[in-house]
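See the structures that follow.
Each of the two complexes below includes subunit A, the first together with subunit B, the second together with subunit C.
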Partner chain A sequence: MKKLRALLLMEFQHFSEYRGDIFVYTMGAIVIPVVLLNVWLAIADAKGSNASEIQYLVQYFVVQVFVNVIVSTWQATFLANAIQRGEISAHLLKPYPYIMVHIANNISEKVWKILFSLVALVILVAMYHSYLTIPLWQTILPGSLVVLLGAVIKFMWSQILGMSGFWTSNIYAIREYNQMLYNLISGVLFPIKYATQVIPAFVFVVLPYQYMLGFPINVLLGKVSQTELFQGVGIQLIWVIVLYIVYRIVWQKGLQRYGGYGG
Partner chain B sequence: MKRYLTLYYHFFLFSLLSRMEYRFDFVMSAIRSLGWVFVTIVTYTVLFTQTQTIAGWTKEEILVMFGIFMIIDESWNAIFSDNLVRLSDYVRLGELDTILLLPLSTQFFVSLRHVLIFTLPNILIGLGVTLYYLSQLSLSLPWWHYLIAIALVINGIMIMYSLMLLFVSLTFWVVQLRAFWDLYEILTYGAKYPVGFYRNPVHFFFLFIVPLGVAFTFPAEFLVKGLSWHIVGIALLVGSGLFVLSHKVFYYGLKRYNSASS
Partner chain C sequence: MKEILNNIHHYRKVYGVILKLNYAKMMTYRADFISSSIAHTIWATFTIIQMILLTSKTSHVFGWSRDELLMLAAVYNVIFSFFYMFFSRGFNSISNTIHLGRLDGILTKPINSQFMITCMYVTYTHLIRLIIGIGFLSYLLIKMQISVTPFLIVGFVGIIVLSIVLNYSFWMIVMTLTIWFPKLSNLTDLLYQVNQVTKFPQEMYKGLGIYLLFFLFPLTFIIVSPVKYLLHRMDMSDFVYLFVFAGGLFVASRYFWRFALRYYTSASGS
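Moving on to the complex of A and B:
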């Protein structure tokens, strides 16, 4: 725990140098949902949605801003590059597991992003206050748990993608294909319930993407029944375990390969 | 003029030769591009399960716009992106000194020196998407409408170029700029949908503050819906005005650079 705290402090100070970049990321976190919200409001206009559907759409994309900040990761590229350049050697000698560096980096990234997204909160509430309601504590509690699990799943997923750096130098292509699937399946572009006619249901189950974003948002909005909630949390826990096992195996295999280069 | 054309021919040739070693990149880039076409078509199919038209656009009309979006975006990428992204490094590492000594326009050199050859097939994919969905619409347009649409596409490429030149010119004041691609992603994200989808203040923002609606929506809107002539005129004025503005700001910043290093 002390080690993690020291790393956190280091990463946090490191981040204050990148304020400009984080500002642009945060701008992205606002602009992208606002654009999508506008698209969906145009759809709601065209199909003549009732008030409750419009409210759901607005709340969905406003809440998405915050869920996005909490589950966001960016280490895949850094990790892959660090492996390619041999920079992880130095870390392997240190008295903590290497993944801890990324955990610390990820947490401090989020602290900064949360600070910036308070600005987003003010703007979004000013724009859409008539659609927003005070969140219920009955949904906050399970919602927080589910968002946290989503963050862990996405973190592990990115870590595994980043470790592809042991085998390939083309992390950008892998990241892009990942982004394509994320766009279609996570619920970032549309609430998943609207996609069921087009995208087969099993795709949403066999890939973890919706458990990173769409599912947590719906839990926070109280749109998930008790059984669906327990099912969803169960699937999230299974994903955490599966991804952890995959991570261990890939890391071991990768290190063997990596050792081959260095020694 | 002829001198610059010859120069550009050599820039192009040099970029081509230096990339021939990585011929596989052409294939990879085209496959990725097709992947995004697939994602976009699925996304619009989802959106159009809800309704027949969105803000007056049918699915085919929007996909025409997506094709044109690809043409503009990928052309900008191929011609300018690999250059503008380097400006901050030129300034930070002092490489701009060498460029300033060259007997040619500095803006020409920093904007056009490198051509991103392997994204060129993506422009053709965009053209294919545009033509396919145009044929689905079975419009019968006089031939000169296509010429004006091409002019609006070029106008769009220049708007995109001018906006990004304005952004990278900031480097003369702040030196370190790394958010290039992130900003680009944010801008093109908003440009992907017809500007008519947006309500104010977002609508106003994409027409008058950062005129990406003019750049990316107008060419398609002109083809599939028709735009009045004075709007076409204003669009071309916005494009050239922005180009002149970015040119002025770039040289204004460059003056700062001179005084800082000497």
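Moving on to the complex of A and C:
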């Protein structure tokens, strides 16, 4: 724990030096939900949707801004590059597991991102306050749990993607393919209930993306029954365990291949 | 006049060398070429799938039919594949070039620094996205029974050039800020996201509020104008807006860059 605290402090100081970068990243992450909210409102208007559906759309995309920031990860590319350049060698000699560096990095950057996204959230709430009657006091506890589990799933998923750098010199295509699936299935583009009308249901079962974003948002909005909540949390826990096992296997196999040289 | 012609000849020669060097680099890293081509194919497809999914439950949005909205996605692929191929890597490198003081090397060369810094890199892998965009656009033109005449093609290319100039100028103005804030290495990431705004009709942003719309308004012409032209719906005001925004922002970007250079402090200029 002391080691994690030291790493956290170090990473936090690092990001405070680059807080402008984090601000830009956060603004970038906010643009898409805001654009999509307006697109969906236009579509809802064209369809003649009722008021409750419009309210749901507004709530969904406003909450998405915040949840998306909390579950965000960016280590896949950095990890793959570090493997390629032989930069993980120094960490392998240190008295803590290498993943701890990325955990500290992830938590520290999120502290900054959350601070910046609060500004955006205030603006969005000011713009759409009439739609935002969310019973948060009822959903905040289960919501926090599923958002946390979503963040862990996304973190482990990114870690495994980054470790593909042990086998390939360029993970660009893998990363982009992953991002496209995430955009389509997680609930970034549209609420999951709309997505299931056009994308085959089995896709949502065999891939963990909806449990990273769409499911936590729906829990926070109180759109999930108690049975669905227990089922969803169970599936999230299964994904965490499965991804951890995969991570362990891939890490061991990867280290056997690792040459430790640059370039 | 002779001087202008000499200048054009000079820049043509320089750009020819840049094209050759980038081609040689691409052939050296063939695995990267394949990997990047796959990634660009994914994003070209994604843009189209996204629009198909968004319009799956409605036939019309603000007077735009489903096929017309899909045409926005096709033209988005055409314009941005071209822009990303010739300019985006140059823009990506600006903050690093300034942060590490490498701009000195460019400023001392007998060539326009804005040209050099934005046109230095060519990413040929975006060709695949261009082909997908043109292919999908052709399919839609046939499906919508729009007759393609040489006049239509020439006009379309002219409007696309204006759209690219508009987007280039917007990116240039934003990236020039890195002269003062060289640590903002990821400004282009934000610009990639902001470009997403362009692929939807202007009417969809009416709820954004006047202040936000003020910044986004010029960008909404980048894709919508060429599509309106193909659909024979582009009126004089659309053309004037596009022309004024493209020309005005281009001139502004030139002045802003030259003004910002006065504050460039060379090596690790933070």
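One rule holds for everything that comes next: the second predicted complex is superposed on the first by the 256 of 263 C-alpha atoms of A that agree within 3 Å, B and C clash if a C-alpha of one lies under 4 Å from a C-alpha of the other, contacts with A are read in each partner's own complex, and residues count from 1 in each chain.
By definition in this document, a residue touches a chain if its C-beta (ideal position, glycine included) is under 8 Å from a C-beta of that chain, and two chains touch if they have at least 3 such contacts.
All values derive from a computational prediction rather than experimental measurement.
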Side-by-side fit of subunit B and subunit C on subunit A, or clash: clash
Partner chain in contact with A:169 - subunit B first, subunit C second, else both or neither: second
First, second, both or neither for A:125, with subunit B first and subunit C second: neither
Contacts of A:238 with subunit B and subunit C, given as first, second, both or neither: neither
Which of subunit B and subunit C A:31 touches, first, second, both or neither: both
Overlap of subunit C and subunit B interfaces on subunit A (superposed complexes): 20-21, 24-25, 27-28, 31-32, 34-35, 38-39, 41-43, 46-47, 170, 173, 176-177, 180, 183-184, 189-190, 194-195, 197-199
Residue ranges of subunit A touching subunit B (in the complex, touch as defined): 20-21, 23-25, 27-28, 31-32, 34-35, 38-39, 41-43, 45-47, 170, 173, 176-177, 180, 183-184, 189-190, 194-195, 197-199
Subunit C to subunit A touching residues, read off their complex: 31-32, 35-36, 38-39, 42-43, 45-46, 49-50, 53-58, 60-62, 181, 183-187, 189-190, 192-194, 196-197, 200, 203-209
Touch list for subunit B against partner subunit A, complex: 28, 32, 35-36, 38-39, 42-43, 45-47, 49-55, 174, 176-179, 182-183, 185-186, 189-190, 193, 196-199, 202
Touch list for subunit A against partner subunit C, complex: 17-18, 20-21, 24-25, 27-29, 31-32, 34-35, 38-43, 46-47, 127, 169-170, 172-173, 175-177, 180, 183-184, 189-190, 194-195, 197-199
